[in-house]
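Two complexes, one shared chain (chain A), two partners (chain B, chain C).
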Partner chain A sequence: MSNQASQKSSFPRWVWFALVFAAIAVIPMLVGGSAYWKSILISIVLNIMLAMSLNLILGYTGQLHLGHSGFFGVGAYATTLLIQKAGFNFWIAMVASSMMAGVIGILLAFFATRLKGHYLAIASMAFAVILHQILLNWDSMTSGPLGIYGIAPPPAMTIFGKLIKFNDQVNLFYLVSIFAVLVYIFLDNILRSPIGETLRAVREDEVSAASLGINTKLWKIFSFGVGAAIAGLAGSFYPSFVGTLVPDSFAVVESFTYLAMVIVGGMGTMIGPVIGAIVLTLLPEVLRDIGDARLLVYGITLTLVILFMPGGIVQGFKSLISKKTSTTSSSN
Partner chain B sequence: MSNNILEVKGLCKYFGGVKAVDGIDLQIPKNTIQAIIGPNGAGKSTTLNLLSGTYFPTHGSIQFEGKDVTSLSLHQRVHLGVARTFQKIRLFKQLSVLDNVIAGFHIHHHIPLWEYIIPGKAFKKDRLDCQQEALDLLKFVGLEHRAYDRAGSLAYGQQRLLEIARALATRPKLFMLDEPAAGLNDTEVQFLMDRLISLKNKGITIVVVEHNMKLVMNVADQIFVMDHGEYLFDGKPSEIQSNPKVIAAYLGAEIEVAHE
Partner chain C sequence: MVDIASLIIQQSINGIVMGCLYVMVALGLTLIYGVMNQINFAHADFVTLGAFASYFFVKWMGGGYLISILVAFLAGGVLGYIINLTIFAPLRDRGDELRPLIATIGASILLENGSLLFFGPVPYQYDTPYADAIRIGKIFFTEQSLLVVLVASAAIAALYAFMKFTFTGKALRAISQDRETAGLMGINQAFLIMLTIVIASAMAGMAGAMLGPILVLTPFAGASVVVKAFAIVIIGGFGNMEGTIIAGLLVGLIEAFTTQYLGSGVIDLVVFGLLLVMLLVRPTGLIAEKKEENV
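Then we have the complex of A and B:
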C-alpha cells in the first residue's frame, strides 16, 4: 500500500504537476460560457481540498472523524465575519480563519481522541451538530437561518501588470486550484516524510506506535489541527463564490458527503480523495436531467464501488493493472 | 552509579482485588540477559508491562540508569532507551516489512522543520539512511528478502523477528521481549537464541519473559522465577534447575513434557 518501491516507479513528480497545471488551465475553456458549470468546477476544487484534509485524519491517522463540515463552516463564517464586521482584508481573514479552524480542530482532538472508533465518530459528529446550531441561533452574529447575502469575491489583484478580478469565476477557479495544488504538495511532502510513517503507525496500532516512542495523542492532535486548518482554508473561499452564506451548507449531512468522497476514491492514498471528490461532485450534476431518479443512481453507484472496490477506485484500478501485468509477464 | 541498568523496588500491580504482581524487587546488571519465568498467571507479562511503562504500578518504584522512571509512560521511556516486543504480535500489518522497521526510527530523525514542507538535503539523507539502516536490521533478523512484502503476509515466526527488528530501530539500551519464542519451531528458536546473544555482545541489556526452557537455560545469565505474582527464586540457570521450590512450582511438569 505505501511501500517506497511503488512510489518511485512511473513518471517523475514534475511531469505529473505539469500535466495537472495544463489540465487546470484548459478545463474552464471546455465548459464554455456556462456560469453554472463554472461554479461546479469551483465546488469540485473545494471538495477536493475537503476530501484531502479529511483523508489526512481518516485515511492516514485512522481517526473516524465525522464532523468535517464543522471546520468548513468555521472557515466560511469566520472569513466573512472578519471581513464584514472587523474590516479585515480578505487575505488576512483567510489566514486567520484557517488558523481558527485549526485551533478548533486541536481543541476537538484534545478531548475527542481519548475516544476510539464509534465513540470518536459520535463525538466528532456532535461537534458538527453543535456548530451548525450555533450558526443557526447566534442571530446577532450570523443572521441565523436567514444567512448573510451579497458577499464580495476576493479583491482584485494585479499580476504582471494585468488586473485580475475574481468576480470572474474562471479567475476564481484558477485561484482556488492554485491553493488546492499547494495543499496537495504540502500533504504529499509531509506524508512522505517521517511524519507520514508516524501517522500510519498510529493508524495501524496505537500501542505498537507508543512502543516506538510515538506520542500517539500528540500526533492525533496534529492530524486534526492540520486537517481542520485545510478545511477552514477551503471554507474561506466558499462564500466568495456562492455570494451567500446559510448555516445549512454546513449541516452534519455534508460530513458524510466528504466521507463518501474519501472512501469511494481510496482512503489512505493521496490521489484517491481527489478522484472521489471529482466523481461524487460531478455525478449528481450529470444525472440532474433524470430528476429524482438521480438519487437512486447515486446510491447504487456508491454501493457498487464499495462492494467491488472496497479499497476505493484507486485500489480497484491498481489491482486491475497488477492482474494484467502478472498475466502477461507470468513471472513472480 | 551502580552497575545496574534497571532497579525495581516493591513493585505491585493490582487489578481490582487481583494481585497480579505483588512486591517484586529486581536488579538487572548492564549487558546481561535476564530471563523471567514462572507458571501461567505468575505475573511475568504484567511485570514486563510495568517495566516498559505499558502499565503503571499500584506501588513501587522503577529506576532506569539511576533515574526514576516510575511515572513515565511507554513512549517516554523509549526516548531513554527502553524498547519492547509484545506477547501477542502487534505489527503494522498493512505496511510493508521495510516500512514497519522505518517507523521504528521515529525518535531518531534529524530534519529541520522547513524541510518537512520543502524537502532538501537533510531530508533526502534521512530517507536514505533510514532505508539503509532498516535493511541492515532486516538482514540481522534474516528478513531482507521480504523487505517489500506486506508485514501481514509473513509467516508467524517471521512476524516475531520483524517485531524485534522494528523495536531495535529505536536503538535501545534495554530490550524487553515478551515470549519471543512462542510459536517458533526449533530452528527458529536456535536462530533467535543466536540473535539475542549477538545483541548482548553489542552491549544491549536484555530482559526476556519466556516459557521455552531451552532458550532460557542457554542464553540467560540470570533467571528470575515468579509464582502467584511474587518472587520465588533467582539465580544462574544451573541453580534454578536444581532448586526444589522452582521444580515444584514450575519446572517439574515442564521437564517431563519436554523429556522425549
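Then we have the complex of A and C:
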C-alpha cells in the first residue's frame, strides 16, 4: 500500500499544495463575471468534500454506504436552524452541525458493525430516505417541502485589515476551497498513518483483521463518524451558497451522485474522488447546450466508465502511463 | 361511531391490492439478488417502462387494457434482456459487488433521462376500463383492484410454482445456493441468469401496467414503488421468495393503515423505520435462511 506515497514522490508535497493553491486562486478569474459559473465552482468544491468523505467510508473502509446525502442534509439544516432559531453565530453553528452529523454517522455505524454488503447498502439508503422524510414532514422546524428562503452567507471577516464579504461568490469559493484543502490534508494524513493501514485491513479482510487484534467495529464507527462530520461540514456551507434550503436537495438519489463521483474518479485513492467530483459536476453543465439530452449523455458516460474503466479515471490514467513508459516496470 | 370493523376490512383490502403489486416488483429484485448477489437499481425503470408500454398500447394503438398488461410484460422482459446483455453479463464474475450496483444506477439515470427526452416531464394519464366500484355491504373496491389481485396472484403463483417445481426453477435455486457447484453440475449459468433477469423485469413491467392508471405517470414514476420494494426485500430476507411475499403484503397493509391513521405523508417514515428496526432485531429477514459464511 505504499504506492500512494511513492506515487507522488517525484515532486515534494509542498509543490503540489502550492500548485493547488495557485489553481484555486486563479480559477475564479477564468470564469469572469458569470455568477452562474461561480456557483458551479462552489458546488464542485462542496462535491469534492462530499466525495472525499464518502471515499473514506466506502473506498478505504469498504463499507457500502448509500446514505451520504443524509449527512449532507443534517449539516445544511442544522446550521441554518441553529442560526435562525437559536441565534448561533455561523462558525459555531458550522462546528456544532458538523459534530451533529458526525454523531448521527456514529449511530448509523451501529448498523455497519452488524450488517454487511448489500444489507448495509439498503440500511444506509433507508437512513437517507428517513432523513429526507423528516425534513419533508417536520413543518414547524423545516417548513416542509416549501423550504427555507433567504439564508444569509457567512458573516464578513476582516483579514489583514481588509473586509471580506461572503455574499461575493468568489470569496465564498476561496473559503470553501480552504476548508476542502484542509479536509484533504487531514484525510491524507490519516490514511498514510497506521490508522489508514488499519482501515484498509478492515476493508480487505475483516476476519483476518480481527484476528490480528484490530477492533474492526471501532474503526468502522470511526470511519462513519469522520466521514459524516466532513459531509456535515460541506452541508453547512450549502445553504449560505444557494440561499434556499429544500428537502429534495437531500433526497436519496443525491447519494448515488456522490457514489458515482467516487467510483468514476477512482475509489480508494485520495485524488480519485476529487477528479470524479470535478468531472461529474462539470459534465452536465458542459452538456447544457444539448438541452434535455444532457442527462442521457451523463447516464451513458457513467455506465461506460464503470464498464470499461474498472478502477475509475485515476486507474485508467495510471495504466495508460505505465503502458507508455514501461516495459520493465511491475504494475501496481 | 363509524363501523370500525368495516373500516379495518376496507383498509385491509386497499393494503392487499398495493401489497400484491409490491410483491410483483420485490420478487424480481429478490430473484436477481438470489442468482447474482446483485441489487438492481434499474428495477424502477422496468416498472415505469411497463406503465408507459401499457399507456401507449391503449392510447395510441387502441388496444384493450387487459392485453396492454401482456404488452407491458413483454416490454419489461425485452428491457431486462438488454440490461443483462449490456451491464450484468459483462460485469459478472469479476468478484466485485460494487461496480454492477453502480452500473445499474448509471443505467437507471440513462433510462430515466432517455424517457424524459421522449415522453417529457408532463404526467400522462389514462383510465382503466375497470373503474366501476363493487359494493359489498359497507365495503367498496374497484374492479381494477379485483383485477390487480387476480392477475398478481396468478403471476406470483406461476412464478412460485416455476421456481419450486420445474427443472429450470431447481437449477436457478441451485445457482443461488452455490454458483460454482451448480456450474460443475452442468447448469448453464449465463442462460439461467439471463432468464431470471428477463422474468424479473417482465414481472415488474406487468406491475407497472397495473399501476399505470393509479400512478402519476412520469419517467420517474417507478422509483417510489421500487424504494419500497427494497424495503420489502430486506424485511422478507434477501433471496427468499416466501419472506418477500409476506413482507410485500405486510408493507401494503402498513401503508394502508398509516394512510388511514397517520396521514399519507409519513408512509415512508413508517416503512423505513420498520426496516431499520428489522435490520437491528432480525437482520436475516422474516424467514431466516441458513447460509454458512466462508472465512
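Here is the rule we go by: the second predicted complex is superposed on the first by the 318 of 332 C-alpha atoms of A that agree within 3 Å, B and C clash if a C-alpha of one lies under 4 Å from a C-alpha of the other, contacts with A are read in each partner's own complex, and residues count from 1 in each chain.
By definition in this document, a contact is a pair of C-beta atoms (placed from the backbone, for glycine too) under 8 Å apart; a residue touches a chain by one contact, two chains touch by 3 or more.
None of the values given here were measured: they were computed from a predicted structure.
When the shared chain is aligned, chain C comes close enough to touch A:L307, but chain B does not.
By the touch criterion defined above, A:P194 reaches chain B but does not reach chain C. In the superposition on chain A, A:M125 makes contact with chain C only, while chain B stays out of contact range. In the overlay built on the shared chain, the residue A:V207 is in contact with chain B and with chain C.
Contacts of A:L283 after superposition on the shared chain: neither chain B nor chain C is touched. Of the two partner chains placed by the overlay, neither chain B nor chain C lies in contact with A:V95.
Which of chain B and chain C touches more residues of chain A is settled by the count: it is C. In the overlay built on the shared chain, the residue A:V252 is in contact with chain C alone; chain B does not reach it. In the superposed pair of complexes, A:I40 makes contact with neither chain B nor chain C. By the document's definition of touching, of the two partners only chain B reaches A:F186; chain C does not. Under the contact criterion defined above, the residues of chain A that touch both chain B in one complex and chain C in the other are 207.
Chain C contributes residues 33, 37, 39, 41, 86-87, 90-91, 94, 96-99, 101-103, 105-114, 116-117, 223, 227, 230-231, 233-234, 238, 265-266, 268-269, 272-273, 275-276, 279-280, 283, 295 to its touches with chain A in the complex. Partner chain A is touched in their complex by these residues of chain B: 52, 54, 73-75, 78-79, 83-86, 90-96, 98-99, 102-107, 109, 111, 115-119, 123, 126, 130-131, 148, 150, 166-167, 169-170.
The touching residues of chain A, counted against chain B in their complex, run 1-5, 186, 189-190, 192-195, 197-198, 200-201, 204-205, 207-216. For chain A in complex with chain C, the residues that touch the partner chain are 58, 64, 110-111, 114-115, 117-119, 121-123, 125-127, 129-130, 133-134, 136-137, 207, 252-253, 256, 259-260, 263, 267, 292-293, 295-296, 298-300, 302-303, 306-307, 310.
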